[in-house]
Structure formats: C-alpha cells, structure tokens
Amino acid sequence: MPDSYLAGLEVLASVGIDQDDFRNRAAEVAPEFVRLAIGFTYGEIFNRPGLDLKVRMLVAIAAGTATGTAPGQLREHVQAALRLGWSEREIIEVMIQTAAHSGVPAALTALTDCHDLLAVRTRDSESCYDESSETGQA
Amino acid sequence: MPDSYLAGLEVLASVGIDQDDFRNRAAEVAPEFVRLAIGFTYGEIFNRPGLDLKVRMLVAIAAGTATGTAPGQLREHVQAALRLGWSEREIIEVMIQTAAHSGVPAALTALTDCHDLLAVRTRDSESCYDESSETGQA
Amino acid sequence: MPDSYLAGLEVLASVGIDQDDFRNRAAEVAPEFVRLAIGFTYGEIFNRPGLDLKVRMLVAIAAGTATGTAPGQLREHVQAALRLGWSEREIIEVMIQTAAHSGVPAALTALTDCHDLLAVRTRDSESCYDESSETGQA
Amino acid sequence: MPDSYLAGLEVLASVGIDQDDFRNRAAEVAPEFVRLAIGFTYGEIFNRPGLDLKVRMLVAIAAGTATGTAPGQLREHVQAALRLGWSEREIIEVMIQTAAHSGVPAALTALTDCHDLLAVRTRDSESCYDESSETGQA
Amino acid sequence: MPDSYLAGLEVLASVGIDQDDFRNRAAEVAPEFVRLAIGFTYGEIFNRPGLDLKVRMLVAIAAGTATGTAPGQLREHVQAALRLGWSEREIIEVMIQTAAHSGVPAALTALTDCHDLLAVRTRDSESCYDESSETGQA
Amino acid sequence: MPDSYLAGLEVLASVGIDQDDFRNRAAEVAPEFVRLAIGFTYGEIFNRPGLDLKVRMLVAIAAGTATGTAPGQLREHVQAALRLGWSEREIIEVMIQTAAHSGVPAALTALTDCHDLLAVRTRDSESCYDESSETGQA
C-alpha cells in the first residue's frame, strides 16, 4: 500500500493536480484513508497499463459528469485533462456526449460547474465557440 | 427531426448497432419517441464535431458503466466500440477506470454484464489476460 | 398506524392493485414493515388532500421512471393509472417526458418494462400509434 | 434542429421561463448544445401531443424531485407550473408524493430548495398552510 | 399518525437532534408532511424493536453517505451518533467502509461535509489520527 | 497490492464468502482488477482497525440496500453477516432502517432479493416473525 500511495502521488504530480487541495479537509479527519484513496485511484487504477493515462482522464470526466455527485473532483480531472493535452472543446464534447446516456441536466450541470476552466483559455486566444461556426454545422 | 433521425440511422449502421434490436419493444409502444431518441443520441450527439466518434463511444461506455441502469445499451456500445477498433482490453480498462469514480461494484457489474463480448475474441487468439503478464505489472 | 394501514388497503383496492402480490415475498420476512409501507405510501401519501389521486398516480409513474430501480412497483402504478382513467398514450407520454429530465435510457427502460401493459389494449382496438399520424406531427 | 430550437423558445416563453438565465453559463462554453438541449427538451418533448403541457410540467417536477441533481432546473419548472395555473399547494403535494417513491429526504430537499417560490404567494394572501386546518385532516 | 409524530419527537429529543432546525424551511411550506416524515422516520422506523437505536444511527450514516443527496440530514445523524456514544473514529470508519460499496468520492464527500463534527473533539483531547500510528497499521 | 489481496482472501474466508463465486465471470475478463478489488474492499477497507468487522458488515448491507445496484454483492454480505453472528431479524431491520433514508422501494427490493437468505432459518425453528408479536408492537 505505501508503494501505491507513492505511485499515486507521482501520477497526481504528473497531471498537475495539487494533492494538498485534495487532501485538505478529508485528510484532517481520515489521513490514512486519503492515502489509501490516492493509492487506489491514482496509484493503481490510473496507473494501469492497457489504456493511455490521457484517455483515462476523459473516462474520469465522463463518469464524473454521469454521476454528478463530486463536482470538486470533476474540476480536478478537467484541469488534469487540459494539462494532458486535451482541448477545452474536446472536454466540453465529453460532457455533451454524456447527455445522451445520463440525461441533459447532468451535462448542463457539469458544463456550468467547470465553466471557468473551460472558458478561460478561449478568451485568451480567439474564441473557438463563436456562434457562426457552430451554426454552420447545425 | 427527420434529418436527425436519418443521420442517427447512418451512425448506428456505421458502428454496426442493429437498430431493429434497439427499437424492438420500446418502438412498439412509442415509435416516434424511439425515432426522436435515435435522432438525438446518434444523429445529434454522437455526430457532433469536436470529438472523434471512436472516442465518443468510450465516453458512452464510461457513462453507462457509471450509471449502471441500462445494461442493454451498454452492451450495444461495447459491440460498437469493438467495431470502431478499440480492443477488448481497452474497453475493459474503461470499465475498470470508472471503479475509481463510481465505485467498484458498478465496474464489476459492467464487466459481468458484457462478459461474453469482452472474452469471446480473446479465446480465438491467444489470451491477453494471462495471469503472469498482469502479475508482472502488480 | 393500524388506521393508516387500513386506509392504505382501501386505496390499493380502489386502484385495483392486488396487495397480495405486493406483500408476497417481502411480507414473508418483514410483515410489519410491509404494513407500515402500505400505510405510509397508500394510507398517508396517496391519500392526502390537495392533489387528485389520479394525478398522484402520474407522479408515481414519473418518479418511478426517473429512479428506475423498482420496475415491479412501476408496473403496479401503470396498472393503477389505467384503472383510474388515464389512457395508455398518456402514460407513455409521462415516461417520454421524463427522458428530458432523467435521461433517454431511463425512459426507454420504463417503456420496455411496461411494454405489455401499454400495448395490450391498443391491440384490442385500433392502434393509436400508427406511424402515419405520428409522423405528421414531427 | 433549428426548428426544434425555435419551437423550444416558444414553449419557454409561454411558460415564463427566462431562457437567458438558463443559457447563461452553460451557453458560454457550449452554445450549440444549449440550443440542442432547448430544442430536445422544450421543442420536442414538452411540445408533444398526447399529454397536456400543464400535466407535463408536473411530471418534470416529479422527475426533478426524484433525481434531485438539478435544483436550478427544478426551480424553473416550479415557476413555470405556477404560471400554468397549478397552485403552490398542488406543487407541494407533487414533491410530497415522490417521498413514497424516491425517499423522504429527496422530497424534503426539493421543498427546501423551492421554499421561497412555494411560500411567497401564500404570504400575500391568507396562508393556506395554517396548522389548524392541516391537523384537522390528520 | 399523531402518535407516531409524538414518538418521533421523543426519539429526536433523546438523540439530541434539534427538530426545529429540521422543520425550519420545509415545515413552512409543508408542515403536515414534516410531521408525517418525523413520525415515519423517527416514530416508526428508528423506534422499531429488533435493532438497537445506536446501531440504527450507524445504518443511517451508511445510507446517507452512500446516497449522498442529503448532507444536512447526514450531519444531524452524525451529531446524534456522537451523542449515542459512537466515537468520531467509529463514525469516520463507517464513511470509509461505504467507499467499498458506493465509491471513494462519496466517502470523501461525506468526510468533508461532516469535517467539523468529526474533527472538533479530537482537537480538544489528543488527536487520535496522528500519522505515525496510522502509518504503522498500513 | 499482493499483500492486500492475500489479506482480502483471508477476510473473505473468515466470513464465509466463497471468493470463487465472486471472481467467476468478472475475473475471466479482468483477473487482476478482481484481485485489486478484493485487496481494496476486503484487504484494506474491511480490515481496517477502528470499527469491528461485524459492524462493518452491517454498514455494507446498509450501503448496498441504499444504492441497490449490486444485488449479488448484497446477498454475499447478508450471508457473511449471518456467519458473523447477526440474526436474520437484525439484518432485516437494517434494510428496513434504510427505507427512511433512501426510500421504501429500495428497502422492499433488498428484502425481496435476499428473501431466501432471511427466511430460511426461521422456518427451521419457530418463526420469529409471527404477526401476533409484531402487531403487539404497532
């Protein structure tokens, strides 16, 4: 288990998730469980061979949007996905895709909860969400 | 709406989902809604630009595993993902990944529900799940 | 509590739900809880003033479709709704409506689970779900 | 799709839901999806024949209370239901009814989340929830 | 029903749940339902023979952590469990245990939502969650 | 990880859960994940200090009844709880208790799914659920 935890910390660091935020409050009451959770989630599951870490992060966003009960973790995974090279547009499309499987409201909630993370960069450069180009597709 | 429906049928055909199975019972009581659902899910959502159809199918499997309430549709998406070129191993890893986000039991249920789809081909060739290679990773 | 139970039995009888089916297996291991559940659900909640029993049965079908975890009770409520004077078409539309709020798959599952209840009578008379009339609306 | 969207805007306007609130944050990152969602939910589903728009709004409240994951949309539907002529009492009873099907806590949460919408008007006139009349019924 | 309500108030008082907090907002719009809910939950269910009230409170915490949709009620049950003699550590372990059955994120959310209730007393005395002793177990 | 797995097998053996049933189908497609799941669930979580294994098994039943998505695992936990010394009556009361927190239908479903496990022994001896004694309490 200590090995899983260390492996998990490495994965967290590699995707830019600040584990101190993650542990903050839960770790104050259950420090060992937070280490176990990091070991299981990031050291064991995210670290498995057979599927790219980058693709796994999309799966995490899809599952998080579908269940909708951990907006804080969803935000972490969105930030990690951006660092791993997914564009805001691709992440947005993952949330939209889940609307077909777990309902439109869950997708809208995820888009709203992560609004600042998904809109920030598009403001820096030219927006890729201008209505004209999208309407052209519809 | 008719255009969305036709676009949805094309997507369904392209991924090898036999839409007659899909419509069978629900369409007997609500034929127009099934067309609307196909139009929305496959004609509008799956058909959007910005994310590859192949990646969208993984997102569908992740969301379906996480919610766990539509095993029949999950099986369809697994079959479609295989046709789109994902390996059994990659699909299995998607289900395993969701265990970190929506619980171990949901992942085990999805793996069990799709057992025959995910094990069939590995029997034809050499199994890629022999214990030795996996244990080597642990 | 005994009064609630008796009131619940009356409501169950008035909507044609055979309470012996309801109690059958659960009542063998928890007879008093089944009486409490009948008292609470049918004697207290369904029996409240302020909303028609007939409308309450639609609410029960909407909630049951949305949560999707008690198909046996959903079927009971569909049978009760038919007895209370709702048409198959109206009940089908309730299930379709929930697709907007809790997802398309949940609606398709409810339509499939109650397929025989919702299709039976339309076979006796002329089908009200012929494609031509519905297509005209789309 | 554009036709569904325009039809959806008409339904939204007719029930007094200010669509600018609805689109606000989600539409900034996914404008076309918000149009698709409005088209599907309000243009296609709410607009279907076979069940009254007024009854459909109760179904939306029942499903929203049962799933409990989109309080913002639930509030919109409560406001729309009031405009369509349902009384606060009837809407409250819909939430209470779902307690029998998806649990007491979900009903209490919905009542609390929509507290101001359901209590406001009763303060203007004479309260219809004074304890004496209700206790008389119990 | 009035008897159930009075019995429920007694249970609430015995476990130190301030029922005025509980009723506050929901009771303003649905006073009789809040009484019914107190009667059902505390007067009937919590009050049943066959399982200790103290053990029932752990069951309430387990179910509340697993569903994760009523953080206010979960906090009440944590406070009640502390009064009934469970230690912070035992309550924390109940939340951790549910991670195996309904997912790690739900457990982390419950630990965070009840952070102040579970950490307060350990600060007064010597912390029982110092890293050294826990690490020794791992 | 291998240590967690071995510790998990020991816990499984000690509570009489036949791990071959558990691994059967899921392990054919994902053998290492099943070992990881056993290691996490039984080797790490169930094995933690701070709460009795016997109480943890009740927590597992409460969480499994509340979520309702893994009836096979719920049955395993009921069998384990019986071996650990809980009576059928106490297990039934755990399921009934969750009705207050996650809804009456979920409790009725769990009671029905585990009907044979909870009724079997009471038939051997004198039934402890005869109506007379229970009615006396109501």
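As written, the chains take the letters A, B, C, D, E and F, and residue 1 is the first residue of each chain.
Keep in mind that, in the parts below, a residue touches a chain if its C-beta (ideal position, glycine included) is under 8 Å from a C-beta of that chain, and two chains touch if they have at least 3 such contacts.
In UniProt terms the chains read A, B, C, D, E, F = Carboxymuconolactone decarboxylase family protein.
Because the structure is predicted, anything quoted here is derived from the model rather than measured.
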item	value
Contact-graph distance - origin chain B, target chain D	1
Between the pairs C-E and C-D, the one where more C-beta pairs touch	C-D
Same vs different contact residues, chain A with chain E, by half of numbers used	different
Pair in B-D, A-E or A-B that repeats D-E, with over half of contact pairs matching by residue number	A-E
Interchain centroid distance [CA atoms averaged], chain A/chain C, Å	39
CA centroid of chain B to CA centroid of chain F, Å	30
Multi-chain contact sites of chain A, meaning residues that touch two or more partners	1, 36, 40-41, 45, 64, 67, 69-70, 73, 92, 96, 99-106, 137
Sites on chain B touched by chain C in the complex	1-2, 25-26, 28-37, 40-41, 64, 67, 69-70, 73
Contact set on chain D toward chain B in their complex	1, 3-4, 36, 40, 44-45
Residues of chain A defined as touching chain B within the complex	40-41, 45-46, 48-51, 55-56, 58-60, 62-67, 70, 73, 89-90, 92-94, 96-102, 137
Complex interface listing, chain F residues touching chain C	68-69, 88, 92, 95-96, 99, 103-109, 111-112, 114-115, 118-119, 122, 129, 131, 134-135, 137-138
Of chain A, residues touching chain C in the complex	100-106
